[in-house]
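As written, the chain order gives the labels A, B, C and D, with residue 1 at the start of each chain.
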Amino acid sequence: MRIGVLTGGGDCPGLNAVIRAVVKTAVNDYGMEVLGIKDGYKGLVEEEFVPLGLEQVTGILPKGGTILGTTNRDSPFHYRVRVNGQDVYVDKSEHAIDVIKRNGLEALIVIGGDGTLAIAQKFFEKGINVIGVPKTIDNDLSATDVTFGFDTAVTTATEAIDKLHTTAESHHRVMILEVMGRDAGWIALHAGLAGGADVILIPEIPFTIEKICAKIKERNDRGRRFSIVVAAEGAAPFGGKQVISGINEGNIYNPVKLGGIGKFVAEKIAEQSGHETRVTVLGHLQRGGSPTPRDRILATRFGSAAVYALARKEKGVMVCLKGENVLTVPLKDAIEQLKRVPIEGDLVKTAKSVGISFGD
Amino acid sequence: MRIGVLTGGGDCPGLNAVIRAVVKTAVNDYGMEVLGIKDGYKGLVEEEFVPLGLEQVTGILPKGGTILGTTNRDSPFHYRVRVNGQDVYVDKSEHAIDVIKRNGLEALIVIGGDGTLAIAQKFFEKGINVIGVPKTIDNDLSATDVTFGFDTAVTTATEAIDKLHTTAESHHRVMILEVMGRDAGWIALHAGLAGGADVILIPEIPFTIEKICAKIKERNDRGRRFSIVVAAEGAAPFGGKQVISGINEGNIYNPVKLGGIGKFVAEKIAEQSGHETRVTVLGHLQRGGSPTPRDRILATRFGSAAVYALARKEKGVMVCLKGENVLTVPLKDAIEQLKRVPIEGDLVKTAKSVGISFGD
Amino acid sequence: MRIGVLTGGGDCPGLNAVIRAVVKTAVNDYGMEVLGIKDGYKGLVEEEFVPLGLEQVTGILPKGGTILGTTNRDSPFHYRVRVNGQDVYVDKSEHAIDVIKRNGLEALIVIGGDGTLAIAQKFFEKGINVIGVPKTIDNDLSATDVTFGFDTAVTTATEAIDKLHTTAESHHRVMILEVMGRDAGWIALHAGLAGGADVILIPEIPFTIEKICAKIKERNDRGRRFSIVVAAEGAAPFGGKQVISGINEGNIYNPVKLGGIGKFVAEKIAEQSGHETRVTVLGHLQRGGSPTPRDRILATRFGSAAVYALARKEKGVMVCLKGENVLTVPLKDAIEQLKRVPIEGDLVKTAKSVGISFGD
Amino acid sequence: MRIGVLTGGGDCPGLNAVIRAVVKTAVNDYGMEVLGIKDGYKGLVEEEFVPLGLEQVTGILPKGGTILGTTNRDSPFHYRVRVNGQDVYVDKSEHAIDVIKRNGLEALIVIGGDGTLAIAQKFFEKGINVIGVPKTIDNDLSATDVTFGFDTAVTTATEAIDKLHTTAESHHRVMILEVMGRDAGWIALHAGLAGGADVILIPEIPFTIEKICAKIKERNDRGRRFSIVVAAEGAAPFGGKQVISGINEGNIYNPVKLGGIGKFVAEKIAEQSGHETRVTVLGHLQRGGSPTPRDRILATRFGSAAVYALARKEKGVMVCLKGENVLTVPLKDAIEQLKRVPIEGDLVKTAKSVGISFGD
């Protein structure tokens, strides 16, 4: 049996650990042959493959990134080609299917986020067997308890908070850290809890600058002349969402104009509280680096489980973690549901108990 | 309402995070007063208390250890006192109960392992309200999915494997890392998976040197002239357990005589395979250091949950993690059951798929 | 003998290690009494002191920041006071000298950058004994071979490059990291060398976008479809300096308008090379965190040496590292000379040999 | 021009950085051809070479170990061969020279410790051009201010002390950390200073258990009920040296019998002071892991400088760091002199000032 494996979408610590586990499990347990497809679906269309044996995956477990390369676009169903010096988008899916068949690939293991997996589902509907492995640094996929890469991102963000803490305290400043999380505030919530933040701003809970400043003042009154604010990039003030949609533009909040939520919050806090503020945007640092042990293990389990699913003749499924077990769910169902922070949940309650304000 | 909190048993990253969450939740949410009891139960008998307010727990979240101090012994039910220059053990439990009452402590929050919690249960049976918070670096308590400190220990062990890897490879050596785990192999299994070990030895799976050497030879035949062995301190060869109990001593394996499982395995592998071997005993490094973000969060949740349980008038319970929720279980039931690595479970299966031998 | 110690200017890892060494050496070796002055010179004017004994400096060695607090301004010679709701600047230096004398301080140990030390020199000229300890994260002081905090900043920046590397490689991107260094490119040069950057941009060497793109293309031609650019915040293109001074504004380069050198370079490279680019601004993360062992040791040596100088009756000097020895130089001479990267020096030559372009 | 490069002796972080710099400098600056010699001198005798171009050294800068492999023995002048099932040692140096000439190697760059470099000198005396790059994790070579790998080892040891600190404090224990340093105490001294040790034991200063216990008692009297002892493996009590040489064996101290200095000291302190003690032997962890930025830079400079020396037609020299410059010294002079900690020097004085006892 010969299978293909590809990685798609943004970078995420643990991709190499998945690839390694796929190859080792396929080779060791089932004697399968594995072809690596380069740069996501692009390599499928362009037929750029690389044979993956035990030798090729040696030493990649602790490495960030993906040895296969990845791209953020390049759907075979809407594929960019240059025609007469212009970008034109054409459907290359039949060509891709032809490539798959011509190379004798009996299945594809597709490691990616919702965009990448939605394309995988389309191929499945056209008769190609695919097994999905979920990848999102934001941990915002409801079909799995947790995704690999998230723990590493939280660790990077927590280390950043640890570093900002001493400067904030020495200078009596309000330090703002902007982290990833466009639709869900998981990284901000976890890193904020772990780093001992004073304020956490997440997309799920609209905030007001007044409430943030009230928290800062309360601390000041207790002699704590500094504060740490962790803001998910998708956090927005009350009414802010409408502005983003352009309904009452210019009125309250437009993150694109203002250079991001961190900068916005920093300026507003400085205005209203009189405190010195500083903002740090963590950005791509969250996507890189050696995965934490937990992410390496989860990624390894996902990679092996994808091959197990193939061996069990499952088709069109995605591996996921439920409690302590790695299971599969239909790919179709899996990719549609966003997991947001439950605002009445245990974590938010605990955060409030230890004195963290959500600006609400 | 006034409560006491103490930490008992071996060191574990996250203890301070629990103390901080207990104090913050008690003060912020319920206006309780918290007394810290110094050095475990010793401070209870000796009436050594320290008031804990928001000020006292500032800045301790990222710190290892416990600001309250701890001891490994000193049960009030069997308390060591010096009489005429000799150690005598007496029951000081009634005295301790008197101290509790005289100081107006309506409940104790006891953070500790099975020994410490068993004493807590005894106090509960004598009418003192206690809430337990489980602490074991080994993660071997069946009443909770996971314990704080474990992730930090696994991280420390994985970093050690990462370091040994390059030396092993450069020198074509077999490097053995001995990690904690007297009764259960969780640290060895997780760190071995995360660090890309070739052999993992755990108490749950008796091993033979022959099988270990077969794995090393198989690697050698593929040009991989080095191997990494991770051994839990409680791992033993087939028949080894009996020796430990003294039934057929001298026959096969006696770790006390031989200076630990790591040393034993290193010598035997060198003898049988002819490879150079080196052993590193990680020891106390696993118990120290700043807790990982995950451990800080879990410890914080446990600390808050202990106070929530008090506020809900629960008595004689222990907090625990089940899936994504922190719940309580009767303390009595909780402390009796050891959680061992399921040898037919998902993790061991995955480990074998990626080529790890358990020496069986 | 009673002395005072203060920290001034921006945060820098190792400040606490200096304070600790000052106190321990003063107390242990000479039985001196030490008063900590809070928030830089502000505490001197406002007479906010805190006694520092062995107890107060326990446990602060590995901690970032300064237990004394610091400010970036507040010169007693030009001190901001509010009069009728307006900021007015007055000379409070005589008042400060009065405070020093009234409290019996026979000397001040002043830990700070050029601004802070220039004020120290002014006090020295007015008859107060001062010993300076140099502090600059940028390592741009010619009077000392190296300053504490620099190694930590370089380590933070190198870890960031390590993280960006895998993402750059997986995505075939040009990743730009903007680091500190307004007048001198030491952090960029060291971190770029240590992190394996492909391009390093420093204030000492004006660059052109064309040369940067030529390097990127050369790598591309060898199949290396990604590049890492490390840019000191003060780097500027040929002719850029004039623009900053407003001589031919709008013509080539205005970093304030363009949001920093990183953003400028990222946009220009994308335009000219067609590569995807991403920029990360490291910012305050470079000033925080636990100091590296090297910085802890250097800071400790500086702190002790400042007290030794006092004991030797030296006056108006600054401690510094020369080769393997900690010496003193007249404060007056020390603070005037900027140490810039020698563009014909050994480090730049080595960087070029290993294939790094400076864009020149 | 074609050159060979080999690595010999124990593992050391930075070896790969040297190899990378040698190759990049040789190829980029001089168009030389580089052959890697596998497993130290063994690969020279066995003629096991691997071509090293830019491609082969990509990505190895941050990796520990050596891609060339290394051995601790295998001198061509005293080479082990199996004859009739027995080890016999023969002179293979002429054969090695023949291999060198037959492969057209005009020079060898030899990266190694005193043993490896002494062999290099022998080859030089026989007419082979060699350039040495010093490698010793112990930093005990007088010909160079500092060696790569040392900073990483000190960092690993300091992190270990940081971890032991909290456990020591929580448990009121004396924790002993045994680090490398058979002849010189540099690692112990630097890590002890950086980690805030209370006692440092080094080969240069004989100690007594009484003095150690006096320090522990002094701390106890101030309410500091724990202590950290860092011991270099070569440290010995007064009179201990003689015992090692067998002059008055059994009398005082025999580290081989007692299982190492750490264990010896732990037992004696427990006996004399009544404190609980625990010992950790750091061992091979000090030799592994990703090199610190400082070590990566120094290793890179050494690698480039070795090629520069070749290009300048230097022969039989070793690169070294003197102040801020990388220079060369005759290999012959370089390898003979041990650099020991000056017991009247600045570092020891500072250590004493901050309260560290050397047990003397």
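Basically, a contact is a pair of C-beta atoms (placed from the backbone, for glycine too) under 8 Å apart; a residue touches a chain by one contact, two chains touch by 3 or more.
If you're wondering where the values come from, they're calculated on a predicted model, not measured in any experiment.
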item: Least hop count linking chain A to chain D through chains in contact; value: 2
item: Farthest-lying chain, centroid of Cα atoms versus that of chain D; value: A
item: Centroid distance [mean C-alpha coordinates] between chain D and chain B, Å; value: 34
item: Distance from chain B to chain A - Cα centre to Cα centre, in angstrom; value: 32
item: CA centroid of chain B to CA centroid of chain C, Å; value: 42
item: Contacts with 2+ other chains: residues of chain D; value: 162
item: Which chain pairs touch, all of them; value: A-B, A-C, B-D, C-D
item: Touching residues on chain B, where the partner in the complex is chain D; value: 7, 11, 15, 39, 63-66, 69-72, 156, 159-160, 162-167, 169-172, 175, 259, 278, 280-281, 283-285, 287-289
item: Residues on chain C engaged by chain D in the complex (per definition of touch); value: 20-21, 24-25, 28-29, 54-55, 58, 61-62, 145, 151, 154-155, 158, 162, 190-191, 193-196, 222, 224, 290, 292-294, 296-297, 300-301, 304-305, 307-308, 323-326, 346-347, 349-350, 353-355
